[in-house]
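Letters are used for the chains, namely A, B and C, taken in the order the chains are written, and counting of residues starts over at 1 for each.
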């Protein structure tokens, strides 16, 4: 996927140079291997910072909220779906954006890579097609990318961007063979107390840093419910009841909106598999309402409309 | 401070295990992919083969959530509405395997919690009742910069004892009287010249591996307003998502919130870690917020660590170079780059 | 070790509704333990945390003067969770007070000087404390001319009306009460904004200090007036507010540069503030 880098730079240079966009949002190489940094480029001469590789994991739709300039942006499948949601939810206007679409071959699970390096810190990273190489103090390893994909990338059904002004490569084949909900199905068969202890266990290490919420492009509320003081809905300590309230309410707030981009899971400093909170809701949206979030600008979001044929067994 | 001793690793671990009789002992232990400090109870396996714990050990002195006071809230109960201190355990604690950066971090924080005007009774008492047994770093992480920010990979400040990993053995050096008294009770052979030399060379080798350095002079000399008004802050902050990862993982971030919680007719006054990254941190009742924008909050964090602290205490920066924020910032905001900008 | 977070238990002894909109009430507190009262030694300009168990704490300037013995008063604006709850509390209710906190107006420096007090709206509380303090027979000789400019949006929003009228009658203090607008045809004081009235009435900055408390907009427009009158920034004294929790310089949120509003302030000279980031 490194092949996109040159094209991104070239087009960003032209777009900025011709004044078609005021700023360009993409990724640049981080100071720590596997950690690329979202960046906003303002001048054509700075475009060489831009980069695309398998560590471009933070969802860039996050950086669009309520911006007023004309913006160029790179978007793979999940970035583009969240851009759609941002447009539908009036956080940005379509005509403000110039989207460089990137058919995506998946991004890398940095935790799995570090595990393969015995959790030693890395000094270098490079990739070449289907393989990538990591280097640390006294070791170097070449690994197969497909074995280190992030779990959401492994089951991703929309690797090609759903909205763009230009596509920077040929579309990649979509992943139709895998079941994205196999883990949820396993959990669904458990008795309630097992489900509850599953979720209790998930949050046991949570430190309430809100990285999951803040990395989520859906979480743009000016004041989140956990920060409300009149009334105060949730306590602020690490009492498990408050922590659970935060996670479950947040997940429900994402119902019908989550694109499974995995930003929440990627950023968690204590590696909570955050997607487990949203996946069941995604499954319900798909099965009960035939709904996947952020696929088109033509339809209002799931909770904005109803059909008489909608699932309604919960109404008495 | 007495002489160093050398013990076989398993002998020393046995000593630690036995010390549970007199202390609440905390050790690093592996959970999932990372290490955490946990109380050494049955079922916990100490693991000193680690780079550093994911969370800093600050929570051992200063828990993330801590009950301060409590009182009943119904008029017919005795002491209603009169807050009383909640009972706490200030028994002796022993922290084994703390890295020198994190121990130094407590000294940085101490200037805040223990000053001539006010003493935070809980922080002070817990700190004073704790003995720190450090483990020097033979292999510093590429993201660490303790040699520039604090006392280096074998820094002794803030420790009572310092352990050197010599392979099959630990060399244990007493630093304070507290540490010396503890070590005196431990059976073990005195460190020989050869072992002391080996320890010295480990220290030198380790220091050589650390390549980040900076001169604090510009941070001292530039005026607060000059640094505050620098044009780079919006760019520094662009990728920030304003989460609390940097501040919560940091050994030297001490900010907190105080909250009253009510359950039935009982009030608890609780303090919780808080973060300058959160907008709520500075929000006035009127709705006005002096640090309303993201870049203002990011600027505050760095200005606090690298300028306000420097000015206030004249004792270095508010950072011990542990590297956690560099490693775990989800959007790769690297304090070393910010130091470079501010010193430039 | 003294616990700086532990409030003294107090009882509400009296509640006075100050303003027509009923958003401001003055609470009079008496200590439950006499030794706590003895420990609570304060100077005008300081504040305290009013502590309502179950709701939280709020930092409020002390409106009473240390020359008034046996009680403390605080004038509280109803804005948030704690103040709203406090407004519904009754005489006889028990709560807590933690303090005194922060620094105070530079009383030693101001000895032998003329003092101009400029206040707006409900920020007159520690200024009231200051006036009462200076007018006390023991203290009055220590100060030169005392001038007060105090304004509110309308007559119904002025605090401490009775006392203002009493001060009007005295000849050892020059009062300039003003309102932005008055419907009352019998209103016999000034009409106009505080900065304008200051410019008209305060004739000289010679040997004088100005203490200014009020809404940000008032402070913004009063500063140039004072400088025009010749007050150097070292003798323009302001009191800041920021969100606070611990109020003893530990919790980290109220800082303005390296200064904590709670501990190093709330009182700062304009000269000092000009060296600090404007984060308040």
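Following the convention adopted for this analysis, contacts are C-beta pairs under 8 Å (C-beta built on N, C-alpha and C of every residue); 3 or more make two chains touch, one makes a residue touch a chain.
The structure presented is a predicted model; accordingly, all values stated were derived computationally and were not measured.
Student: Report the chain whose CA-based centre is farthest from the CA-based centre of chain C.
Tutor: A
Student: Does A-C or B-C have the larger number of C-beta pairs in contact?
Tutor: B-C
Student: Going by C-alpha centres, which chain is most central here?
Tutor: Central chain: B.
Student: Could you work out how far the Cα centre of chain A sits from that of chain B, in whole Å?
Tutor: Each chain's C-alpha centroid was found; their separation is 32 Å.
Student: Can you compute the centre-to-centre distance for chain A and chain C, using the mean CA position of each chain? Integer Å is fine.
Tutor: Whole-Å distance between the two chain centres: 51.
Student: Give, as an integer number of Å, the spacing between the C-alpha centres of chain C and chain B.
Tutor: Once rounded, the distance between the two centres reads 39 Å.
Student: Could you say which residues in chain C touch two or more other chains, in rising order?
Tutor: Residues 80 of chain C each touch two or more of the other chains.
Student: Send over the residues of chain B in touch with two or more other chains.
Tutor: In chain B, 257, 259 touch at least two other chains.
Student: How about chain B: which of its residues touch chain C in the complex?
Tutor: Against chain C, the touching part of chain B is residues 68-69, 71, 73, 80-83, 85, 112-113, 115, 117-121, 124-125, 223-225, 228, 254-260, 262, 267, 269, 274, 276, 281-286, 288, 290-291, 296, 300, 303-304, 307-309, 311-312.
Student: Touching residues of chain A toward chain B in the complex: what are they?
Tutor: 30-32, 35-40, 58, 62-63, 111, 114-115, 119-123, 137, 205, 207-211, 213-215, 227, 235-239, 266-267, 269-271
Student: Within the complex, which stretch of chain B touches chain A?
Tutor: By the definition above, chain B touches chain A via 31-34, 51, 54-55, 64-65, 139, 141-143, 209, 235, 238-239, 241-245, 247-249, 257, 259, 261, 270, 272, 275, 278-280, 326-334, 336-337.
Student: Can you list the chain C residues touching chain B in their complex?
Tutor: Touching chain B: residues 1-7, 9, 32, 51-57, 79-80, 83, 93-96, 216, 241-243, 245-246, 248-255, 257-258, 263, 275-277, 279-280 of chain C.
Student: Show me the residue ranges of chain C that touch chain A in the complex, using the header's touch definition.
Tutor: Going through chain C, the ones touching chain A are 80-81.
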